[in-house]
Structures are given as structure tokens and as C-alpha cells.
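Everything on this sheet refers to the single structure shown next.
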Amino acid sequence: MPASRRTLENRLTRGLGGKPEKYKLTIVNPTLEVFHLAFELKGVNVAFTTPFKEDESIDEEALRKDIQYLVEAGVHGLVACSTPGEMALMGDEERKRVIRITVEESKGVPVIAEVGCARTKDAVELARFAEDVGAAAAMALTPWFFPQHPRGLRMHYETLADSIDIPVIINNLPEYTGVKLDPTLVDVLAFHPNIRGLNTSGDLIYFQELIERAGDRISFACGDDELIFPALCVGASGCIAALAACLPQMVLEMYNSFLKKDYGRCRQIQLNLIRLKNELRKVPYPYGQKLVQTLMGRPSGRTRMPLGPLTGVERVLLRKGMKKAGLI
Amino acid sequence: MPASRRTLENRLTRGLGGKPEKYKLTIVNPTLEVFHLAFELKGVNVAFTTPFKEDESIDEEALRKDIQYLVEAGVHGLVACSTPGEMALMGDEERKRVIRITVEESKGVPVIAEVGCARTKDAVELARFAEDVGAAAAMALTPWFFPQHPRGLRMHYETLADSIDIPVIINNLPEYTGVKLDPTLVDVLAFHPNIRGLNTSGDLIYFQELIERAGDRISFACGDDELIFPALCVGASGCIAALAACLPQMVLEMYNSFLKKDYGRCRQIQLNLIRLKNELRKVPYPYGQKLVQTLMGRPSGRTRMPLGPLTGVERVLLRKGMKKAGLI
Amino acid sequence: MPASRRTLENRLTRGLGGKPEKYKLTIVNPTLEVFHLAFELKGVNVAFTTPFKEDESIDEEALRKDIQYLVEAGVHGLVACSTPGEMALMGDEERKRVIRITVEESKGVPVIAEVGCARTKDAVELARFAEDVGAAAAMALTPWFFPQHPRGLRMHYETLADSIDIPVIINNLPEYTGVKLDPTLVDVLAFHPNIRGLNTSGDLIYFQELIERAGDRISFACGDDELIFPALCVGASGCIAALAACLPQMVLEMYNSFLKKDYGRCRQIQLNLIRLKNELRKVPYPYGQKLVQTLMGRPSGRTRMPLGPLTGVERVLLRKGMKKAGLI
Amino acid sequence: MPASRRTLENRLTRGLGGKPEKYKLTIVNPTLEVFHLAFELKGVNVAFTTPFKEDESIDEEALRKDIQYLVEAGVHGLVACSTPGEMALMGDEERKRVIRITVEESKGVPVIAEVGCARTKDAVELARFAEDVGAAAAMALTPWFFPQHPRGLRMHYETLADSIDIPVIINNLPEYTGVKLDPTLVDVLAFHPNIRGLNTSGDLIYFQELIERAGDRISFACGDDELIFPALCVGASGCIAALAACLPQMVLEMYNSFLKKDYGRCRQIQLNLIRLKNELRKVPYPYGQKLVQTLMGRPSGRTRMPLGPLTGVERVLLRKGMKKAGLI
């Protein structure tokens, strides 16, 4: 384990001292002396796309504008370099650059840096960088590619959580990684004082089982644009949504309608999101969403190969689908 | 198609004339002249088990008592010979006998007869019997065993719906049948005036897609004990629940809490059901549920082979799990 | 267990006495006193279709002619009422009728009666009938529909094997049943003196694992038309093939080429079978195969609903595909 | 497309001029003017592990020794930085280093450099490096992580094949990537003059379909240690095997027995490999194989986290399993 394990006291002190307005100490279990920092994974967190120029380089200007737009829209969190941000097609230096830019433009909106890597050491390095530049939390997608053993997964997350003072959020997206964390493992990880939330896609039975196991200690976000409303119903505290980058107002309205118990409206918006997702699924991921954003006035560039490109016909059909859905 | 297609007028007349208090005519679409009978698939419908004696014959006395218990508990519908009723292990004459007994003991509670068969002709025969003895609706599980073609599935349900005057409910349980109805096919079937509801298990994205397609014409019930509450949230009008045979009051309380918008209570009960289901999953299906019911004072007999049996150890562990859950 | 367990001696005596030319006693393991009867599952066994008339009744004349054709073609075994025979759409009396007719027309070719049922008791009844009318072996598809427990599966097959004196062949087709027998369970079952073979579809790693576990005691047949040649290579003693009903000479030639070590020819024929299967997969199962047989001069009738029907376009395309493949 | 497309003539000239002993020009289709270089994917190619020290750095000395051992054993090809080599846990510079070392120690045995990356641009860069240092071919695992579109996949491989003069081998391992190349796409790609082989795991029906489509133009290797023998039977020209790093003599003997048509011996060895694989599957991947190699006298180090580690109990059990199998 390359990361030197810092003491709990040190971590809490630094957390309290360094960023006092964000982190409040809460004693979770006095007998076990388990402390939780006061970060909360909740509300509408946007997993935004990374705009690329024609030569596949990052379009920093477009990126800054996009973040400014989302901040103005009132989102509750900014998720930098997540899966819709094409994290797996970017080098570590590029990911750091996007995290830094996101913090710079965040205007106080908490930044969740996606630091997941196939290798533990790389994830730790990214997480430390995220902490240093001021991210509010580090989210780490489960390691991918290789068959993962529960023991390795546990060490991965505990090493990560021991290495930084900002909270760690587990990101569990089986459709990308082939890994679906066992509820028993989540139960164990949720006892670590610095693991504070879990974002997950997947069916709601699984979601409820996770909440039953660890809902008293960590927060759960819905990572599936098509299940946000029912997930909120069964106890999610918020969502990490790709479509929220596309339609922040719509997802925010759904979240607020939920808080106001206007479930009819929630249902309507959720069906709208499903309809949009079904349109987007007809074209290469995540190029469709980028085109939609571009058509709505926020130039979002192209994807990196081998993702994309879109044909002319696909562009026309997507534009048509959006017009029909009243989006443009 | 062995069933003579009766005219719509005839069907509606018979429906109105024969059982006037139950069936009211509603004009759904005057230009298309699509009429829907007034049956509604809603509330808590119980898919109860069939009690068998040691020699595997039906224990009619126990069956009658069980139905009486459920009727008194206040359930909204009785589902005779469904999957937890071991439908696929019973001959047609036995299934008819259970349907008849259910109607006899129903005291006005609507009886939904599960008439699904691998062969269309057999399903039609059972459905006609159900209609003749007074069932309120005929539910038909999708055909199973063979690879099914959408064309055959459409003809299966349309033949069935043309053959009887009581409403047809589609039963879609991919975990039993390997068939997951395409939303497009459900959309088409929902235009048939005598197809009036669909019960489905499976993920909630799919559930929402079905509602989006056909929710204006037919009702949707949740066929998954572990998803009843979130399914109600996204628009289910009720459930067809196996665990409701075990714990009718609990499921009824969840349904009523939902109507009263007490979602905290719903969430609590739903988690309880998940906990119970996880216990039951540790022993052969559906013997565990039968044992739980027996332990709660309602002798539910054994299963037919090859289902079951339970070992002594399993019995002890299940009893322990139930005590821990506060059920006995 | 309704079947009275007959003693091993009795079984062997009856087997030896009753049908002396077919069954020879072989001592497999003298210390364990495990005896195996001398039936061998090997060569090309044909899982033929059941011809139905327009009213869905069995076309007995066509059936007899079809069996005569296969017998003349020189197949090594006749599998009555198997999955391509639409076993799951036929009543028990109908299945018995087909088994009886097959034996009557078999002219000494061993008849394997498929007696699989969802319920153990039904399978036993069919198996006893098969034994009584002179079938050489009873093959039983694993129970389907319900989630199966290894304990129940073991009792299912042991009850069956205890109830008859002709050999039992396990039929393991996960794509129909959702059940894939665990190699450990197969290992245990293979110790029963009356369980003598296993037919399986599925990947060849699994196939090899089964052979490794139990290949010293029972024979293995390939139940997948597209894997016959590689299965023979890794140790299958034969196949139970649906396409062999369509093209008996072709499959026999592949089997004989394998015995003569002409693997180039085997490869060629196996690719032909894959090509044909791909054509058949484009139309409803098993109507396509029935049409091909009809076009080749052996009227095979229609399927029972909900299987089929074929559209005119599908008929034309299939005929074209077959012409291209040089079959008609 | 960042890679400048070099002309076919140029590529062939360079190929002929630069490395004349290895590349011979063959005219595949004179009318289409499609030329294939004379590289052949065949025989036993070893996908060896990368030894890491306790600090997770590459143990170059152990690596060199390991390659020397394999070369002496007589393997037909060396696959550098493949999946058992933990490719996805290594940076680009590290992968280049391993490729270079492999070539340096290859003593004329062809080196296949695995250059697969999630991003096209990165794969091209690695492939050009591999060509420059003298690899015989560049194998590229299909892109992973994101949902892939056939159009993007096609452009990925064509860009790669246009960018280098050494042959490209497609590596198709759905269990790692979630991508299973469509036979139609393979058919198209196989027309590119510089795409010359495909390595695939997965079922043999799929394998045969690929051969049927493109077997006249490119070679197919079996990427599944448990299917090498049956894959050779249906037309594979060789294998890319992880276990061949563990037991080169055994895999070579199986390949040579196949050439000598001694299928009994092939079957025996294949079952041995399955047995060993089943033992290895009980411990974290690919640590088990590394430990086996170490126990056999070739220090293979540890894995990079989150893969591994092994517990003491696992080490003991694995050693026991190997003793039982007669390997140490």
C-alpha cells in the first residue's frame, strides 16, 4: 500500500481547519469513535461532458462556459471527468486539468472529482490532486477490465479513503465496469469514516438492499437517469445525472417536485427523461448528448475516437426527435 | 384459431347483461369505436399458494380456509393458480378445481384466474372455464419453454381476448418464462378492447417504458414483491403479490400508506418485504413461503416434486429468521 | 415418492430377461457393486418433429412416413417427442401416442422417449409407459419453469431412474429450461446404475467439465446442432440432433467422417449445418425446419400455436436460402 | 484520423525492403489488388505475465529470464503486455518498455505486441512503437469501457491498420471488454490488407461463424485456454494462451499431438488445462498463475493492486492443488 496512512485525528483536524465552512464534525458512534465529516451527497449533481475540438484536444473555453451555465442553472454539485466526460479516454494530466478548471469555475458549488482508475495507485494520485486543488469530494468508479476480487476491491477503497481528507464516494456502474459491488462489501466499506456515499446504477431491488445495509451511515445517489424519481422514493438522497448536463432545469424541477411531494410532476419529467434517453440511445454514446447540447446553444464538441462519429442522417433524426420532444 | 371470434357488440352486450354490477361500459375512443369494460386491475391482489397434502393431492379444506383468511384480511383481488400456486405442476382439471373453489369462497372479492399455458388452445379452454364459473378476469402468463416470436405472442393474446368476455390481463414474468414482452408489442395489444391490464416483474425502467406506451389504455400491476412501492410511485395501479398471501396486512398497509402519501412507512414496509424475501430465497421455492404460512397458523402443506423438500436445518433457520424479523 | 423402489437385482434380472438382445450386464465397479446395463447413447440420434394437421391434431400418417424415412436413412436412434417435436405443447396422452407410433415404426432402431415433465410424477408416468411399449431408453429434460434446487433435481432423476428398468438419459437444455445442471450434481447422478447418459447443449468448456467428472461412467451426447463436430472431438459419443431430421444423410456423413478421421469433411459439414441453422433462425421455431422438410418431399405440417405461423414472405425467403445452400 | 494514411505500395515496399526475411508478398485477390503480407498467426503463442516487485515496479530481470525460458521451450510466438500481463494496469511507457524487452530477448521468435487501448490514438502510438522496435505484429484488444458502436470499431481498426506496416491482429475478449465483434464486422475488417488475424475467446459456435465468414482471408487463434483443442479442430490455426506461460511444454505437446492427429492425447492435455484453470479460478486473477510459475522455479512476482493479494491459506491450497495435479 503506497499511501501512508494518516491518523484519524490528523485527518479530522485538517478537514476542520482547512475548509471550515464545508466540513462539520459529527460523531456517528461514540463507542467505536467513528467520526463522519459533514459532506453530504445529495441533490442534483451533474456528470457533464468534456468538450473536445476537432483534433480531439480539450476545448477549455467551451468547458468553462459549460460549467458557468450549470452553476447558474443552480445545480447542487459538479461531477468532473465522469463517464459521460469520457474519463477512460483521457490521460491523467488531462483529467487533472479538467478537475482544476471545474473547481476554478465552480463558484462555491461543490465539485466531485471522478478519480476512478483501473489501478489503485493511479486513483490515489488523482484523488490527492483533487483534494489539493479544492474538490469537495473524490468519487471513484470501481476498478474495471480485470475480474475483481472482493478483497482487492476493499483494499482499493480503503487505501483511497486513507490517502485523502476529503470524503470518498464509491461509484458503482456495472454497465461500464462489469463489477457490481456485493451489498456485504458495501456494508463493510460504509464503516470507514472517510467513505461517505455511493452512486449506483442498476435495478432498484439492489438499490434498496444497499440502503437497508448501509443507509444509516452513508448516502446513496442514483446514477441512472431513468430511475431518479423511483430511487428518490426508496431513499436516494440525490442523483448523479448525465442528462442533467443537458437539461439541468428539468432535473432540478423533478428534484424539487419530489421535495414538495408533487409526484405527478415527477412522473411526467421522469418519462420525459426516458424518452430523451431512448432517442440518444439510437446514436453513438455520448456523441448524441453532445449534439443535443450544441443544438441548445452550448457548443459541446466531438467525442474522442473510437466513440462516434455521427452520420448526417443521425444528426437529422436526432434533431427531429428533439423537436418532437419540444426540447429545441 | 379454434375460437370463434364473437362480435364486439355481442361481447359488450353479454358483459353488460350478464354481470351488470361488475362491468360498466366506457367509451375510450369514440372515433376508433374502442370500448373498454370497467374492470380495474388495482390494489393488493394476492397470488396465493396451493396447499398440497403429503400425497401431493390438493388439500381443498386448507385451500378454502386460506382464501377465507385472505378475504377477511381485506385484499382487493384473489389470484388463483398463479406461479406461487405451482400452476405449472398442475393438470388442467386441477387448475379448474382451484379456480372454482376460489370463486366459491371469494365473497365478492374479484377473482383473477391465471389461465396461462404453453399452448394457446389450452389457455383459451381454461379462460372460458374461468369466465363460466364467475372469475372477474383471466390473467395469462406469456407462453414459455419455446423461443417465442412476437407474431405468435400477439395472436396468442388476441385469440384469448376474442374468446372470452371477461377482461384479459397479460402476465409478464421473464424469470419464469424467458419471455420479456417488447414495449411495442404491449402497445399494440393494449388497443384490444378486452385486454385491460398487465402484470410485470422486472426492472423499473422497463416498467416505466410500458406505462409510457400504454398507460393511457390499460392498467399496470407490479409482479415483484420487492418493487411494489417504487412501482406504485411511477404509476402502477396495484400489485399481484406472492408475499401478500403470507402477510396480507403488511402489504395492504403499504398500499394504504401510499394512498395517504405516507412514504416513510411505505419504505419501511418495502424493506421488510425485501428482508423476508431474502430469507425465503435461501430455501427451495415456494416451500419456504408455505412453511412461513404454516408457522403463522395457516397450514399450507408441501410442494409438489421436484420443488422442495425442506431439510430440518432449513426449517430451523427459516423459523429463526422469521422470529428475528418479528413475524412469529 | 410415489414410485415403489424396485431392487437392483430385480431391475437387472428384468432387464436381462425381458429384452436379452439389447441389454447386457457390465460390472462397472466391483467393489462398489455398481452395475451398468449395456445400452449405449451414441451415434446420430434424431430429434424429429411432430407433424400437425391444420386443426393442430397429430398427422399420424405423416408421422409414420417420416419415421420410416429416418429408419431407412440409417440413423442410430429415434428420439420421440423431444423439443423440436413440440413436447411442451402436447398432452400426456398425445405424447404417449407419438412414443407408441415411433416404436411401432422403428424396425429395431432404438427409440429414446423424451419423458421430461415439469412435475416428477408426470415424468415417471410417461417413462413407465415408454418402458412398457418398448422404448430403449427414457430421456428426461430437466424440470423447467420454477427455480430448481439441486436437491429437488437429484430426487427427480433418482426417482425416475428407480421407477423404470430401461436406462435414463438426462437431457440438459438450458436455453429451454433455464436450468444448467451443476457438474457436481451430474457427478453424483452418474453413480446411479440406471442413469446412463446425458445430452447437453451449451458451451464446450462446460461439456468438457462434465466429461471430466463423469465420462468414466456415462456417455455424453451433443444436443447442439452447431457443435456436433467439436463435441465429438472432445469426447461426445454421439449427438441428439434436430437437423438430423432434416438432413439425416448429412449428419450421418459427418459422424462417419469423424470415425474415419476425415476432419476436413467434418468441418465442412458442420459449417453447412451452421449456415442452415442461421437461415432457420430467421423464422419462427420450429416452423422453419418443418417447411424445409416439406419442401424436401416429406410433408411435416404446421406448428401448434403460439408457435408460428410463417408469412408468405418468410416462406419465399427460406426457400431461396435453401436453394442457395443447395438443399432443394 | 491523426495517422497519415500511407499508400499500399509504400507499405508493401517498406515491408519487403525493411524486414525481407519475415515478410513475403502474396497476392490474395489480383482483380481487387488486395495483397497480404506473409505473417501467419499460428502455433502456440504465449501471453505471458509481467513480473512486478514488491513496490509494484516492473522486475526487468525476472521478465528477461522468463522470456528466455519460453524461447528455449520452443513457443511459436511471444505476446507482450497482454491481459495476463496486466496491460490495463500499466502506463504507456511501461508497456513500451515490456515490448522492447520482449523483442530484445526474443531470439527470432515472432513478438506480437498487444497495443490495445480504450482510445484509438493511444493504440496507434503504441503500435507504431512496436513496429519501430521490431515486433512482428501488433495485436489490439477491442476498445473497452464505453458502449461501442460498430462504426467506431471499424474506424478504430482501419486507422490502426493504416498506420503501421506490420500486420494487425484483432483481439476479441468479451469477458474483459464487454464487446463481442459482430461476424459481419469481422467480415468487413478482414478485407483490409493489413488486418491478418483474430484472436477470440467465447463459444465455438461464434468461432465457427467467424471462420465461415472470413476464414479464407485471415487466421483465427483461440484465446481461451479451455477451448484450444476443439478450436483447433474447427479450424483455428493456433492459440494465444495464458497457461502456455505456465506450462509451455504441455500446450506445445497438445498442439503437436493435434498436428499428428493424436486426438486422445489432445483431449487428455486439454482436460489437464481445464483442471488447472479451475484451481486458479479459486484465487484472485492473475496472482494464482504467477504463484504457480514462481513455485515451478520462475519467480513471477506479485500483481498490481487492486488485483491480488493472495492469503496464506490460498497459497497453501493452490500449492496442494498443483501437487495433486502433478505439476510440482
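Chains: A, B, C and D, in written order; residue numbering restarts at 1 for each.
Heads up, the rule we're going with is that a residue touches a chain if its C-beta (ideal position, glycine included) is under 8 Å from a C-beta of that chain, and two chains touch if they have at least 3 such contacts.
Computed from a predicted structure; not experimentally measured.
With centres computed as the average of Cα coordinates, no chain lies farther from subunit D than B. Centroids built from CA atoms put subunit D at 35 Å from subunit A.
Distance from the subunit A centre to the subunit B centre is 39 Å, each centre being the mean of its Cα atoms.
Averaged Cα coordinates give subunit B a centre that lies 53 Å from the centre of subunit D. Residue positions of subunit D with contacts to 2 or more other chains are absent. Taken pairwise by the contact criterion, the protein chains form one closed cycle in which every chain touches exactly two others. Against subunit A, the residues of subunit D that register as touching in their complex are 1-2, 55-56, 83, 86, 88-89, 118-121, 143-149, 151-153, 155-156, 159, 175-178, 284-285, 304-309, 311.
Within the complex, the subunit B residues that touch subunit A are 203-205, 208-209, 211-212, 224, 226-227, 229-231, 233-235, 261, 263, 267, 270-271, 274-275, 278.
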